[in-house]
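In order of appearance the chains are A, B and C, and numbering begins at 1 in each one.
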Amino acid sequence: MTRLRDALARRRPTSRRGAVKAFLAGVSIFAVLLVGVVGIAVIVPWVYGEYGFHPEENARTWAALTPQYADTAVCQRCHEPQYAAWKGERHASVSCESCHGPLAEHAATAPVVAPAGSLGIVLPDASLCAICHEKSPAKPAAFAQVDLAEHYAGGECLNCHDSHSADAKKPPEIPHSLARLPECITCHAPAGLKPIPNGHVESSDAACQGCHKRPTAGQ
Amino acid sequence: MRETGLAGTPGQNVSPTLSRRRVLQLGAAALPALCGARLLAGALTGSGVETARAADATAPADGYDPSAHSWAFAVDTTTCIGCGRCVDACKQENHVPAEPEMNRTWVELHVLNQDGSVRVSAPDGGIRGFPTEETMPEADAADVRDAYFVPRLCMQCENPPCTWVCPVSATYKNADGVVLVDETRCIGCGYCMVACPYGARYMVPAGETTPKGVAGVVDKCTFCYHRITRGQLPACAEVCPTSARIFGDRNDPQSAVSVALNERRVRVMKPGLGTRPRVFYTGLEGEVD
Amino acid sequence: MSVQVAGRTVSADPRVAVRMIRLEVAGTPRPLKLWFALLTVLCMIGAVGALIALPPGWEVLGTSPTVEWGILITGYVFFAITTSGLCLASSLGTVFGIEMFIPLEKRHAILALLSLITAFGLIALDLHYPIRMVFGAVLSPSPFSPMWWMGVFYGAYLVFLMTEVWSMFTGHWQVHRFACVLSSITAILAPTTLGAVFGVLAARPYWHGAFTPPAMVTAALLSGIALLGIVFALVNRFQLAGWERATTLAIPAIRLLMMIVLPVTMLVLAWQMMFGLYGVVPGLADATKAILVGPLALQFWIIRVGLGLLVPLVLVVRRRSRTPTGLFAASCLVFLGLLADRMIFVSAGQIAPGTAVAGVVSSPWAEYTPSPVEIAIIVGAFAFFALVYTLAERYLPMGEHEGHLVGSFLGSTEHPGGTREEPAEPVLASEPILVSDAVPAPDAVPALDAIPAPSVAPVLDPAGGAL
């Protein structure tokens, strides 16, 4: 502490000339700081100029990006049948692109008339249905969900359900007894007694009977 | 030893490098130095990162005034089914890196057990849904008291910790409430990433780019700024099949989000941190965040 | 044309210069040659890693959105606190003029400058756009950001250190003393800003809190002391410049500092762990458990606490190990323990995230494994530091300089004559070391505005000419 006091004592001016000098030194330091601050405030914008920090400009560049997803109203312009089936039905809360992916570019560039299936849009299959409709304790109880092991296991969702209106046509049950009959495919071949509808895969008895359940009473 | 002040006294050339003449010479050299700094600043701060995407023909709505809007988000966890369409839509809309560990938005499954413990899971961010066998196996069915899905995204806080800590002011809160990142200024230090209490940010790795074609900078949910300025919904809200994500302008009392916030009891995540998020949740239990 | 380097003339003609270098290399003692060779190889490894990691090669780092700050940041923090600690420890000599710490003066400055340069090199490799940082920090500053202040203070610290080192070797003693004071002030402020970088983050409970900046200063002090202990034990061992006074003064001084700071550090650490275990702050308990019983436990208990604190404390306290060798061992262990400590600190704040990050739920802990490139860079950084310092020790005059007054900048004190008389033989034959008899009594020191008597000035002329 004595050292500090001595140091300060030595610096204290001892004559009027010294006092004036000290005062001028203080004023000039203050003036330099003032000029420095004002100078920086002026020079920095000049140096950095339009490269300075202008968030509004950057926000505009974010706003100028191109959307990849369109609105359902845009889809309606060309796809009226699907739109009519979808609107007002149980899937009406699911937007077109929720299943069909981003389509803004398609909507902007597709020719007015194009053969169905020619534009390479992803047509979702049953695995997409399962993502929403597989039964899970975490989903709200009121939401339509099925245990896939028990709900026509082995069948294709889209065989019975219309994807846009979500209407389900229950598959007709097997009306006749199965006792002492050959395999289903023997009679229900594509060109056979009762042809297999489109969309059905030629497969084993178990696959057919997964959806076309046998009547429970007797065989 | 007699050392004098830096400038020396007349006649005593103690330090030739620090004489008055030198100081004046330095001052005179400052002008060309500043000019050089200006040129260098322009060259090195990465101006001109416009990509083909940014310079697209479809311009935002003319006359969009950020200060006239106050965007907000409401999430209803009682209706979310964990389908993950939102995660997929966001990745495609916003050029989010394909890596499963980088998402602007994601869905979590919260399983609350009888003993009070909470299990949180998000397989690949929820982008392929939550297959029951994988995420809620039969084995723990009896222990589960409640389970629900929680969509997560950037909270676009009113008092964002991320904007406070950026050393170069690269991330900022816009007048309409959306927090954006200036990719020409971001240095990739990751400070905003560790500062975010909600884990909303990620660093764009080399090999991927932000929608503006830059890598090595921080990216995050922007409420699909390019869509909302055109009157559209963010992509995640657009594709949500159960209306679990509600978006709108709080300045408009008729907007979906204003109605939702008025009708429901909502809360935000981590309210104790004072971040004041703009994303409001319905249906969360107390054990969560 | 020729160049003066450390009192020797080196010809700028390439052939002659190469021959001189080869002669020099041939004249180097064998162990030293092996040391240089080893360091050069490790530097090469680090250089290769650095080249790979330069933009846009950063995906070779092992970081992820959950653990974004890896060992490169740890290395930066470590070197940054070391450089501050060096000045903090030596300020007792350079600023306050305490005799015991005077021998630390030259070496600490070189070490601090090198450490800071290494720190900046490491952070430049971790930042994705380091050049933008320099421009952005100046032209779009963010005074609310602790990292911005850290940049300001460490940048200023670099300037002050460079001034200190330059003025030390060119004999501008007034400037040197001024620079020492500024460095010492910045050496306290800068690690507090570094601590604040971590401490303001409410999102990371392990780092959060007003105590993190002072804890960082404590770690800085310990790190600086440890490095000085290593260097001065080697000065004693190899009888380098100024070694007699180093042995009699500096080594006990360093030991004293270590005896004070080690228990303080242990107490601070113990309380940090206990607060974490209380479990009142969400997230803090998880991070503390990660350290005490989780993935960081081995590192913590064995390297940080056992080898890094307990063993060194025993070594510096026990009478039998109060030797330069004992100090060397203790310092090496403390240094290693501090590196582990900073790694634990940076990891613990991130591996218990408490929330999913960018869609990834980390349960129970997040994973981070340093990639080979990161390890190579860290190894190269240490090798670079050691290599350049060894060269400086060998080719630069490292004895005490005559630019200090005992009592230093704030005013000189009177000495009972000849405190600097011991040791009897001068440290360097050509160096006039005894300044005390040229220092007048305080009342003879003139006021600032009086013209000094020029007759005293010639005492300053070093007989050797170039110092």
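Note that in this section contacts are C-beta pairs under 8 Å (C-beta built on N, C-alpha and C of every residue); 3 or more make two chains touch, one makes a residue touch a chain.
What you see is a predicted model; the values in this text were computed from it and never measured.
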| item | value |
| --- | --- |
| Leading chain pair when contacts are tallied as C-beta pairs | B-C |
| Chain at maximum distance from subunit B, centres defined as averaged CA atoms | C |
| Centre distance in Å when subunit A and subunit C are each reduced to the mean of their C-alpha atoms | 51 |
| Centroid spacing, where centroids are CA-atom means, of subunit A and subunit B in whole angstrom | 17 |
| Between subunit C and subunit B, distance of the C-alpha-averaged centres to the nearest whole Å | 36 |
| Of all residues in subunit C, the ones touching two or more other chains | 139-140 |
| Numbers and ranges of subunit B residues touching at least 2 other chains | 41, 45, 169, 185 |
| Overlap residues in subunit A, where contacts from two or more other chains coincide | 47-48, 51, 53 |
| In the complex, subunit B residues that touch subunit A | 34, 37-38, 41-42, 45, 47, 50, 53-56, 58-60, 64, 66, 78-79, 81-85, 89, 92-93, 109, 111, 128-132, 135-136, 141, 144, 147-149, 169, 172, 174, 178, 180, 182, 184-185, 211-212, 222, 224-227, 229-230, 232, 235, 238-243 |
| Sites on subunit B touched by subunit C in the complex | 1-6, 9, 12, 15, 18, 40-41, 44-46, 87, 100-106, 108, 119-122, 124-126, 152, 161, 164-170, 185-191, 193-203, 205-207, 215-217, 273-274, 289 |
| Touching residues on subunit A, where the partner in the complex is subunit B | 43, 46-49, 51, 53, 55-56, 58-69, 71, 91, 93-95, 97-98, 101-102, 130-132, 134-140, 143, 145 |
| Subunit B contact footprint on subunit C (complex, rising order) | 55-59, 63-66, 68-69, 126-133, 135-137, 139-142, 144-148, 150-151, 172-175, 197, 200-204, 349-350, 353, 355-361, 363, 405, 435, 438-439, 451-454, 456-457, 459-460 |
